[in-house]
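Structures follow.
Paired with subunit B in one complex and with subunit C in the other, subunit A is shared by the two complexes that follow.
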Partner chain A sequence: MSTDTEGRSRLVTDAGYIAGAMLLLYVVFLILGTLQGYPVAGIISSLQRVTFLVAVYGLAVLALNLHWGYAGLFNIGVAGFMAVGVYTSVMLTAPVGASPPGLGLPLPVGILGGMLAAALVGLIAGLPALRLRSDYLAIMTVAVSEIIRFTYNSNTFSQFTGGASGFDSIPPGPIRQLLLQDASSIISEPTPLGAAIFQFMEFSGIGWISLGRPDTINILSTLLIVVVLVLVYAFLVRAVNSPYGRVLKSIREDEVAAQSLGKNTSRFKLKTFMLGCALMGLAGIMWFGAIGQSSVYPNAFRPEITFYIFIALIIGGAGSNTGSVLGGALFAGLLFEAPPRVATILTDALGVTNAPDTIIGALGPIASGQLTPMLGFLLDNMSQLRFIFVGVLLIYLIQRRPEGLLGHRSEIAAATDLSVRPSQSKGGETDE
Partner chain B sequence: MSDEPGPATTNIPDDVETPDELDPESHDSAVEEAAKRTPRGIPLRVDGLRKEFGGITAVDGASFQVEAGSLTGLIGPNGAGKSTTFNCITGVHTPTAGQVQFNGENITGLEPHEVANRGLVRTFQIARELEEMTVLENMMLAPKHQRGESVVRSVTPGLRRDVVSQEEELREEVWEMLEFFELDHIAEVEAGTLSGGQRKLLEMARALMTDPEMVLLDEPLAGVNPTLEEKLLERIHELREDGYTFLFVEHDMDIIMEHCEHIIVMHQGKVLAEGGADDIRNNEAVVEAYLGEDVS
Partner chain C sequence: MGASATTARGRELLARLGVAVTLGGAVLLLIDLLAQLARVDLWIIGGELAFSQLMNYLWTGLTLGLIIGLAGVGLSLTYSILNFANFAHGDYLTLGAFSGWSVAYVIAGLGTIDLASLILVDAPSSNVGASVTNTPVAVVVGLVVAIVVTVALGLALDRAVYKPMRNSEGISLLIASIGVAFILRYLAALIFGTGRRGITAPSEIPSMTVLGVQVNAHQLTILVVALVAMMAIHLLLQRTKIGKAMRAMADNRDLARITGIPTERMITATWVLGSGLAGASGYMLVLARGTLGFNDGYLLLLLIFAAVILGGIGSVYGAIVGGLLIGITSRVALVWVPGEFGRPVAFGLMILFLLFRPSGLFGGVETA
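For the complex of A and B:
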């Protein structure tokens, strides 16, 4: 029962869970793509999109797990902290001459600055709220999140934030900078490395698959986000498998008990809150900024995003880092991305045309025995309907498996294997 | 079964080990004065403590002191103000008036964690074990100022080595303490599954892992079966002989009379009487406060 073997076997199991989930997602999307008659490049691009969503959800859910799963900090303002992260990084890195203008600083400065800004907003929100009961933190964070969105949305600051339309074209991500001489133009002359990679992907590439520049850039950028996810995961696993993790768990379980043992819980809560907010900022930067040449606008950070992230964490199991990634993957892939695709396939397969626009129009024909209009209406509105499925699943989970997929595991917060008894101990024969 | 409480001997603060080595570092006049008057130090002094909740006065000018290395009992009928006094001493409540001194330092109004870090820890009337953490995790939480409580040290490769080595040392102490309290066979179960008595034992063991000088026990025997009760009292006596100081709130007069060398009786927020078991037994005011309860 040494730490090494135990830790390693859990690592293997966990890697197996994630690999299994990704395999499942890839098979599902391969089938969906084939059914929709996508070309190979289209299928690959849809797999890239799923991987991207899994990775960015994973990042955000991991950050929330640190708050809620470990320390019991009920933060329902995740979207706001993500917005601060990405907005700050764009403001720091956008060219000086752009509209809205930026400071033209290098990308690493932008990323660090974004995380720092999210942590500072966390500090401002947390200083008063963390002194109060946990429900006040929830109220405070959702309010802060909305204040952030409205501030970015406001006309008053639009010369800095772009107002409601935000930043149309945010600075190119690192992969573009690496592969293209002029990162802002996809048709620009590639760098030597870029030329080699583009050549490989386009012609000699992986068997018969030929991928153009945009696909190549997207795939490599997504891989970069996956690398960031792995790093954040490793960071958090180390951080919580330690005396620090024990204090966080004790705060979640019984703060008074932790205080009575000399733990300055307010300080731990504030530090942890700031750390989690910084990671949420990072998640925001990766979500909107890593691929680049996309836009970022205030309404991308509606409170729904926070709830999606919460749902993903509940599915995966609060308190488990692996569960967080798993929950993020299953939510993003199966519950968020797949249903509209399935609806499109069904609509085509069943030949449903002229679906009614309203529920009344769909209900009426049922009386005369016609079910097709209702079916058409439901398939047409799958983007909204999927959240009813999510709701049903959530009710089921909370009743039948409140601990989520992996929340039941006892993940001991320690840097060593605590079960190792000292050699000079007299053994555990206690007969009383 | 371990006859020698290993960690206890290593945990004893030097300054209370023997009467001759009284607190060599502290030059506080209060302690020195106390040391002159009595052969042992007075780690805890409560002076004119008063706590009001709205219009109710829970503690009404209570004053007492606890000698180093003693097992002092604090008794009184329901509502006498015992728990509130405990809460004022340990920082859970801020007293309305009065002063609490620990080792000559005024600790009135400090936060609970600050009080605990000065070597004055408590247990709770209803045990506050951390249910979803194992017994080992509960115990490992307690030691003060662990290196790995800093995220940076826990995460940074070079620095984590220190975190691990410290945790290995503490793990050894924790196992010894668990053996001392005979909790080692349930070390790896979640604390929420323990029986009431085991929870009390765990709470006391955990409090001792903070390396305290003095422990306040809030009804440590409530809900504990007679066998475990005996064991717990035995442990308290052993620890006391090793130099720990205990202040012990208890409902059961007989237990206090039998086990405590000094007894403080509270009634209606005031200290009604103080002294040895015989003084208390013969004190008419005490008999009256307990309204006919047999205290002889």
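For the complex of A and C:
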């Protein structure tokens, strides 16, 4: 009974963490939008974009957390499994006549097929690889993900994959199909439901909020992804607290001990690897597929994106599902999305005009005591600077706080909490 | 008990089967290669392949392999002595290339071209006219600077990042090295820009035809520098006390420590050797390709890993042989697969080794 209330209170704290992080992000982007003088619709659409990034990062980080945080499998081929998921799903759902052609199947089949394909690739890669040392597994998974990317990128298969320019014929997402009679055209006649929703969102009675159709569709699509994230989160929380999850944690802590208790650890690892790969496939589908960005091209799946997801997991704390979502939110919002906009605002506010193009042009004026050119140069190059900062942060975290924000919380592996012992157990000998 | 014995036996069988299939495939490819050269066409084997084309693949593969091999020596040593896979090693190459060519440009173009664009390696390559025959002093000084700067970088990074983590496990160090990779790569992008640029002047590089292969002066330079460097590494490892100590460390760290080998000093020596070679191979990568971008070293990293794993982690000679194998494989593979699959084939070879012979070709023989 005590564990029950404890579980509930932890659930409340976790919800609090995530709500707090989202509130923080929304306030930050509200302020950024206001400072940039965005119209209300523009601010709302920037909040939608942040929410979208948080949700898709959350999905990917949760999947990686299952591998690394719970099973101790150091997989750095996340990008490859996401690519397999989304490519398979668009190949299944694209219209038959399009180029590259698809099979014209409905989206749910595409999503399931994409996840299955990612799991299958996970099986093929994992079957031999999971017995390797963890650093070998790391190198092998990143190689697998690069082979996948090169294959999708190749000219040889471009009639199926679209080659380097990517997959063009992605069918419109479910929200469009729900709201528009001709889903491929944004200006087509809305369905009755669509008419009602569009009218509601375009309602300018209050005088200041009026969202057009694209914004409305984006917001609803993002909400759909958030729902998927909540479902995956709930599923994973349940899974890792089940007997299956307890075996996983025992493998992570001490594989030999788990084996000697009669658990077939390699089968558990393989199953977990496949499950995680399927979820990475799902993350890829939500991120780049019809519901998300609707753009699928090979170079979106460079190893960098794997590292971003990894850094998000380390920020949040490996081994914690809530930490995964939290880390994804903080990385996507504060480290990825915010810096370029802060730079724009600062450039305007400081009145930095014609900043030098090169670092030498910026260093010269420092000698004569002028710091503005350097500042202007750095602000112009914020997209590089933020990755330097990400690198520094990663090193700092791994040196000083390897457990991340929430990874320090011990999750109870046993069915009952063994650390809380009933007081009558005084049988043990004291060591004096 | 019985079940686990069965799975163990099954696994062994599977491994043997894998080796057999791999060898069988290799033999088949060899027969096919000969058939193609002889212009024989038998069902799936055979076809037409010009001898000069094959020689061309071998030659370009050899130059790439030498570069990968030299870079691999450093990666292999840090992998075995510090016990982690350094994901920043590729970016050491990039920094070496940029710093070296920056100085080479300044020497080659000083007085005629604006200094800032020379320092930033941004001047038009045909104006600078950098090549080993046209501006020999600049190219040689650039190579030395590339080595010196990368050594300094390697030592500074060891002190700042890896030294406080000496007792951490490999995965933590690996993650830290990913952070280092980000810093180095985007520092290069910040200073030198993200555009790919031509560095050497193609019109200034003399070339001749040997056995139907175009051999240019820069490829010969790579060959000479790499052979000299390999000879020097060989002598260092076999004749000097520090080299022997390094081999002992790579072979068995604890045993080496018991015999009184100073760990920290050996680690410093490892970084000096490894970073220096990385800087040199980054610099020479530009000689081979003629262009440089801020991602270049990082894009080569997996091939370097492949070389190190093929040769066996910790083996210096293995890294060189592995580099040659990977370089040549990635080019000769083009006999059978389209150009864009040269790299995936090399990765595939590495995966096969990881699965069936993780100790590599020279594993067990070690560095002796």
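What we mean here is this: the second predicted complex is superposed on the first by the 401 of 432 C-alpha atoms of A that agree within 3 Å, B and C clash if a C-alpha of one lies under 4 Å from a C-alpha of the other, contacts with A are read in each partner's own complex, and residues count from 1 in each chain.
Please note the rule applied: contacts are C-beta pairs under 8 Å (C-beta built on N, C-alpha and C of every residue); 3 or more make two chains touch, one makes a residue touch a chain.
These numbers come from a predicted model, not from an experiment.
**Student:** With both complexes overlaid on chain A, does A:Lys271 touch subunit B (first), subunit C (second), both or neither?
**Tutor:** In the superposed model, A:Lys271 contacts subunit B only, not subunit C.
**Student:** Look at A:Arg246 in the shared chain and tell me whether it touches subunit B only, subunit C only, both, or neither; answer first, second, both or neither.
**Tutor:** A:Arg246: touches subunit B, not subunit C.
**Student:** Would you sort A:Leu394 into first (subunit B), second (subunit C), both or neither based on which partner it touches?
**Tutor:** second
**Student:** Taking the superposition on A as described, I'd like to know which of subunit B and subunit C A:Gly16 touches: first, second, both or neither.
**Tutor:** neither
**Student:** Is A:Ser134 in contact with subunit B, with subunit C, with both, or with neither (first, second, both, neither)?
**Tutor:** A:Ser134 contacts subunit C only, not subunit B.
**Student:** Quick one: classify A:Asn153 as touching subunit B (first), subunit C (second), both or neither.
**Tutor:** In the superposed model, A:Asn153 contacts subunit C only, not subunit B.
**Student:** Which stretch or stretches of subunit C touch subunit A in the complex?
**Tutor:** My answer: residues 7, 11, 14, 18, 84-85, 116, 119-120, 122, 161, 164-165, 170-172, 174-176, 178-183, 185-187, 189-191, 193-194, 302, 305-306, 309, 338, 340-341, 343-344, 347-348, 350-351, 354-355, 358.
**Student:** Write out the stretch or stretches of subunit A touching subunit B in their complex.
**Tutor:** Touching subunit B: residues 235, 238-239, 241-247, 249-250, 253-254, 256-265, 268, 271, 275, 410, 412-416, 418-422, 425-426, 428, 430, 432 of subunit A.
**Student:** Provide the residue numbers of subunit A that touch subunit C in the complex, in ascending order.
**Tutor:** My answer: residues 74, 128-129, 131-136, 138-140, 142-144, 146-147, 150-151, 153-156, 266, 307, 310, 314, 358-361, 381, 384-385, 387-388, 390-395, 398-399, 402.
**Student:** Can you list the subunit B residues touching subunit A in their complex?
**Tutor:** So the residues of subunit B in touch with subunit A come to 1-2, 90, 92, 111-113, 116-117, 121-122, 124, 128-134, 136-137, 140-142, 144, 146-151, 154-155, 160, 163-164, 167-168, 171-172, 174-176, 179, 182, 184-185, 187-188, 190, 206-207, 210, 227, 231.
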